[in-house]
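So that we are looking at the same thing, I have put the structure below in structure tokens.
For clarity, chains are labelled A, B, C, D and E in written order, and residue numbers in each chain start from 1.
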Amino acid sequence: MSETTLLQVEELKQYFPIGKNRVVKAVDGISFSIRRGETFGLVGESGCGKSTTGRSVLGITKPTSGRILYDGEDIASFTKAQRMKFKKSAQMIFQDPYACLDPRMTISSIIKEGMEVHFRYSKKEADDRVRDLLDKVGLTEDYASRFPHELSGGQRQRIGIARALAVEPEFIVCDEPIAALDVSIQAQVVNLLMKVQEERGHAYLFISHDLSMVRHISDYIGVMYLGSLVETAVRDEIYSHPLHPYTKALFSAIPKPDPDMNWAKTRIHLEGEVPSPINTPEGCKFCARCPHATEQCRRETPQLRDMGAGHRVACHRIEEL
Amino acid sequence: MENKNLKDEQFRIVGCDDVEGERLGRPQTTYWKDAWRRLRQNHLAMFAMVLLLVIIFLTIFGPAISGYSYEKMSADMNQTPSLKHWFGTDSLGRDLFARVWAGGRVSIIIGVVGAVITTVIGCIYGSISAFAGGRTDSVMMRIVEIISSIPYLIVVILLSLMLDDSGIGSILLALCIVGWCPTARLVRGQILQLANAEYVTAAKTLGVSNWKIITRHMLPNTMSVVIVNLTFRIPGYIFSESFLSYVGLGIKTPDTSWGMLAAGAQGSMFFYPYQLLFPALMIGLTMLSFTLFGDGLRDALDPKLRR
Amino acid sequence: MKKYVLKRILYMLFVLLVVTTITYFLMHCIPGDPLTALVQKLPEQTKANYYAKYGLDKPVWEQFLLFLKGIFTEGTLGESIRYPGRQVLDVLKKYSVSSGQIGVTAVAIGFLLGIMLGVVSALKRNKLPDKLISLIAILGVSIPVFVVASVLQFVFTVKIPILPTMGWGSPKHMVLPILCMSLSPLATYTRYMRSSVLDVVNQDYITMAEAKGMSFGMIVRRHILRNSILPSLTILGPNVADVFCGSFIIESIFSIPGLGGYYITAVTDRDFPMIIGSTMFYTGIYILALLIVDILYVVIDPRIRLSETK
Amino acid sequence: PAMAEESAQVLKTYRTNEPATLDRVAPTIDESGKYILHDASEPMVRIEEGKTVEAGCESYEYDEATMTYTFHLRDNKWEDGEPVTAADYLYSLQRMVDPNTAYGYVSDLYCIENAEAINAGEMEVSELGATAPDDKTLVVKLNDVTPAFLQVVPLYPQRQAFVEECGDAYGIDADKFLSCGPFRVTEWEHNSYIKMVKNENYWDAANVKLEEINVAFTNDSNTLYSSMLNGTLDYMETSSPEYIEQFESMDDMVVQDHVTPTLGFMVFNCEDPVMSNVKVRQAISLAINRELFVEVIYNNLSYPAYGLLSSANSLNGVSFRDKVEEPLKAFAEEHPDPKELLVEGLTELGMDPDPSKLEITVSSGSTTASSNNAMAVFQQCLQETLGVTMVPDQTEWASFWNDCKAGDFQIGYLAWSGEVDISFLFNLFLSDSAQMPCFYYTPEFDEIVNKANKSTDDEERFSLYGEAEKLVIVDQCQLAPVYYSVNRSVLRSKVKGWDYNVFSTAGRKGVYIEE
Amino acid sequence: MSRLLEVENLRVYFNTYAGQVKAVRGVSFGVEKGETLAMVGESGCGKSVTAKALMRLFERTSGEILPESKITFDGVDVMSLDKKALHAFRGTQIGMIFQDPMTSLDPTMSVGKQVGECLMIHEGIPMKEAVQRAVELLRMVEIPNPEERVKAYPHQLSGGMRQRIVIATALACHPKLLIADEPTTALDVTIQAQVLDLLRDLKERLGTAIILVTHDLGIVADFADRIQVMYAGMIVEEGTKQEIFKECDHPYTWALLRSIPAEGASKKQLYSLKGTPPDLLLDQKGCPFASRCEYCMPVCREYQPDFTQKSGTHRVACWLQHEKAPRVERPVGAGGEIR
């Protein structure tokens, strides 16, 4: 890949054993890459393995198989020093703003934690930096001395963001960073994320359900379904020409802030049972709910195929549709 | 609202240049500072602290206050408490007030220092074990099992051979040698519960060293149990000290301790109950103050109980 | 799970072997042997015969191997030296029953009652019931057990003579010892429970349970207990093991035929086979209790995976 | 009513610890075991009120010329109805000298022909100088004059077949023991109690009134106290004056004192650099204020000891102490200031004669509260009288005794219980005994004691033992006697026929409950 | 017809060391039977607290519902219910979907049991049966493989699944009013649509009223009947869906609507409000929004505005509505036109 590639994921698989002989195939062989300064939006059904992907990419969970190259180096073979460097440059904003903050630390200590590891700030510098960060995420310095349980969900999420930004990373996995925020703060946070990206050339893996926000911020978009990537493309391409049946259904379900629109009528209703990631069958994973499924779909697992201009889709019947 | 009184000039858009708005300057604190502040506000805990300080004060100056030597025998044997002998005298005619406080020196030091040492060791060991997990955990836990299974009596007899003097140091060593094991298991159990917490993952992602994760995140979150454990160790050690004298590691006459005073008064407890009462009372009061203080500390350390 | 338990049992045997080995050599390091403890003057020949009879004339490692051989080939732990003719295994079998009866009942009472009191104490935090319960707990551990035992004995056998003073044989004989022995566990569990319940009641899932319309009693039973019992469970394991071997004082006050006495006197008498036997017994119970507790951990809190405790 | 009367004949007594065994010849036989055996077995003779009384035998004679005892047995039966034969007595004697048995006090039996050689493994057990010519006759041949033979040698029957059947387990349980005494052991709950009931097969069953004896095992003084108050026990021993005061005020209790042959003393390690000097030892011995000690520690329930033997020891009814002055008393008068002696001693040793620079350690194998107090008293005495610093060193018994035997001590404080025969405590200090770890032996002392042991003339024995006593306590000062122990017992007054004599082996045969 | 829920002057204060956090400051509103009321507003403005207050869920916390607050549900005075009645009330009359699915589930209990609990208590059926019913409920909220998943523990489920478990729990006893505190934030749009369909279905079939707390104006636009905009513990504007989206009059509502990313206008800075909401510890003298309001007037800092009734359903608390105030154009993007 080009030298600007920051992160490359190759055939990543993450299985969780549950009980006897059964595994949850949370992530089942996905590949993608993110270039410097670029945002890769990851969308998909809840439970399809987005967070798991994000976690594997940062080495929080050890992948079952597959390789993750960061800056051309396999993160599995990092030396200690490299790993520290990686931890500084790759950060995560956690999905659950409640669980990810230590209930016994004040906000300022939470934010300072990462700084203490990677920088040598004096106390004053650190305090200034905390104030700065709080300001960046739209909170006042008063919050520095509060405890997480005293904050609302959105406020906590912003603390999570501030914590990640504190170590000045160049790559951030944003696991639904805006889900818990109200629109005005969503806008603030997205603006913030975009601003730091512009300033410092951050790369993001942006996981979200808010498709309009994903559209707003991402350069590339990947659509996941049950542990696999079913479609990836440049943002505008995918929004204007979604090819995979699931992607189509997904995009049609985006609610519009328009009280006159009868959204329930326009969206594509998916029939059928949502299959579970436990011991998924062979074949296309979407076939159970796909209106176009054929025998072939049930038998063979479709591979991602380039449909031109970097638009890749995993569907057997893509040409026909 | 008196809309009538509103002047026109008040309806002039000025916008929000001072977006900061009003705010209350909350004091900048850290977890520990805040905890300390809340602890100070807890009257019961402060009372406990004062009580403890009084006890400590008396263990230092008590023997002198009484006007009697704690080791000097006299003809006034088995006296009931009176103006002359505030706590009465023992079967050798020694003044119990002086003896109780002299004994308190040993007991307080052993109880408190012993409890603190074992708790610290136990915390460190237990958290390392739980945090490391896997094989390390397994090996570390087996070691705990082995250490706590070897008969204590044999260990202390051997120890008493190796340590010539039987000063407080040796007693502490004897108490601590296995005393940390239960704490280690307790802490490990607590930390296993926390190991999957998202905030620990977050800290790991930040590259926070394991040591810091343990001390910053895990231990404070196990503190409430650790505090209870600590308060229970104190009377435990006070009694254990008198057991150690069984193998020759205890305090030597004429020095004494609360445990020894209580044990010594056992035989005639129905006749001279006060000989037992005072040392037992002191153990109880020490325990009480530590419990109250521990409760206060526990509340102070739990930001959710912040009021 | 099965695999895990098997693995743990293997570990258990390993620990047992290590403890046995260490104890075996340590006990030969302590000064004195069964004869010194007896204070007798014996002619050389008699002494030699005596040592030979118990294999004490051989080097320690050889004795140890013979001891192991005895276990594996004959399933015996040897014969007590201080009490000739008493097979260590028989003594353990017989007296662990009485020790166990009292001890386990006492711990069970202490545990159950302690948990109840602890919950009440936490829910009525800083109110009168909490204070009363805490006071009981403090008394429970800061009054020496021999005092409690003697006072109870005096009250219930002299002042209100409804119970036997000492001895063994009927359920009545067990009442006082159990009472005395349950006091310290009661206090301990009460305090641990109070503390961990306080940690749990502020959790969101308790609010959620309230929103479901559960009465608080039910919430306690269904949610609070499970989430707060782990620390108490952690100390329950060793506690059970201790009551088999650690109730020396109570046993001697109430003349109960139990193991506690043997456990102590075996060491002071330098009764080597008995020392090693009771140590093995203690270790066995101790590790078994730990294993059960570890399994309970997983049953109670599914977040703790057995693989982590591996 | 007959039933009620019967069940009233129950004696409830106790021992502080349970017998290790009821096998009289086992190495582990202890005082508790002997106590039970007095009731559950039938020795050849018993000692009642200081006199030897025929028990297992109808009569016996001693032939001075051949030094032979001949015992004629009664028609006694084992509890299972089999007769007790002379072979049973012989068997236990043989077992005792058998080196494989490792009987502890086997040296007491060396007066029997070939016993020593057998015990040394040089001869067969069958060659012992004792025979059973028929079922009713036991003949024991001595190799030397032994006046104390009947007091010292335990002659208890043991049925060979039964003992062999039980093997090592003989005497460790109710069903592993065969009674032939006035009572038989029916229940033995270890560490809890032994229950004995009247043995109907006993030859003198008609004169045994008690139906049942319960012996509880406990050593907790509060338990004893409560038990006496509520009738769980009929008898207890104590030294605490509070108990005595209370029981004395009760109508249904009888309080009695009796001196025991137990001596509390300090033994000096004469090989220790400081203690090697006799004057130092004497100074320390004199420095102890025995009156104070007895008052504070035992509430005057013991006597200060200035000699080796207490008034409990007597020869044919004459108390040793009546005949021989306690040697230390005179010595103390000669040396009113023991400090001088100490300084002299220290100077002889070439040490700094300033006593305040001297630190001596007193070790003890007891860690009880009263032992702590004893140490405190010694500390005070030595400090005040001699100006030396005393360090107490208390450990559990086995460690202490091991140290003593290894000579790893300066002064040991312990108590030793004498036997009925007055030679017992002297024999401890014989050079071939090596039992008392003072590491100081003189042929002179051995000579005197051996001579006294063999003498049949009471007057001569008294004076020889007196000489020996002075030697060991004053001249050589191997030990510093501290107190003679006294038992003070409380007995329910309805219990009659109690034999208070410590040396009595009568057992509870004659005890009965008065309605 | 009286309203199903009538809240008057609801005040919830938290006692913290720094003083009282006045999280909800005199909120009055009502919900009709079968109606959906959406509550929107800045995060931290007291939406969740208001929701919890309706069930009096502050008994064991530092929170306190002031006595002057009045909550009437279906003719019942909620504030005066005794313990027993309150327990019977919760779950059956009002059900609640909690905002945070991870901490709202007991980590030590299988989700099936947690869902079934509600049935067990209120319908008195045994646990086994309740779990059977839970399977149905899980199927209803589109959890794949519900027979298996009832045995799962919360930590084994993805965020979205946990959220659906919480929803299933709230629905178990068919409450008359469902408070949904951000029920779909963790869900992807297809599932979100399904969940909303489910709620809609519930509303239609059983006439369940719903209070929907959400940040997603898209959902609000689709789902709600009426909308209530909160800011700093107070309601600033209230009206029907049409009124709020098309004719809103409060600067804060404008700001909300303007913040929505426009289709196709990517990677541009979005409109966002500056500053932060006021500290809830402080007493508010003027309008709570004054410090961030582009149209702030001196009067705004002095006095709290009263509600101006714009129509039967639409009211707004803003000084701009005062006759003396200058007329202000609704800014571009803040309703009126659709992008």
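By definition in this document, contacts are C-beta pairs under 8 Å (C-beta built on N, C-alpha and C of every residue); 3 or more make two chains touch, one makes a residue touch a chain.
Since we're looking at a predicted model, the values are computed, not measured.
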item	value
Contacts common to subunit A and subunit E (chain labels)	B
Contact-richer chain pair [B-D vs B-C]	B-C
Label of the chain whose CA centroid is most distant from the centroid of subunit A	D
Whole-Å separation of chain centres (CA-atom averages), subunit A against subunit D	89
Centroid distance [mean C-alpha coordinates] between subunit E and subunit C, Å	54
Euclidean distance of C-alpha centroids - subunit D vs subunit E, Å	90
Distance from the mean Cα position of subunit B to that of subunit A, given in whole angstrom	47
Multi-chain contact sites of subunit A, meaning residues that touch two or more partners	96, 98-99, 140, 142, 150
In subunit C, residues with contacts to at least two other chains	30-31, 146, 150, 154, 202, 204, 268, 301, 303
Subunit E residues counted as touching two or more neighbouring chains	16, 100, 102-103, 155-156, 276, 279
Chain-chain contacts as defined at top	A-B, A-E, B-C, B-D, B-E, C-D, C-E
Of all residues in subunit C, those that touch subunit E in their complex	201-215, 218, 222-223, 226-227, 300-303
Contact set on subunit B toward subunit E in their complex	1, 3, 6, 8-16, 18-24, 26, 34, 37-38, 41, 196, 198, 306-307
Subunit B partner contacts - residues on subunit E that touch it in the complex	15-19, 62, 102, 155, 274-276, 278-279, 281-282, 290-299, 302-304, 306, 319, 322, 324-326, 328
Of all residues in subunit C, those that touch subunit B in their complex	11, 14-15, 18-19, 22-23, 26-27, 29-31, 126, 134-135, 137-139, 141-144, 146-147, 150-151, 154, 187-188, 191-192, 194-196, 198-199, 202, 230-231, 233-235, 237-238, 263-264, 267-268, 275, 278-279, 282-283, 286-287, 290, 297, 301, 303-304, 308-310
Residue numbers on subunit B that touch subunit D, as the complex places them	71-73, 77, 91-93, 157, 160-161, 245-248, 250, 252-254, 260, 263-272
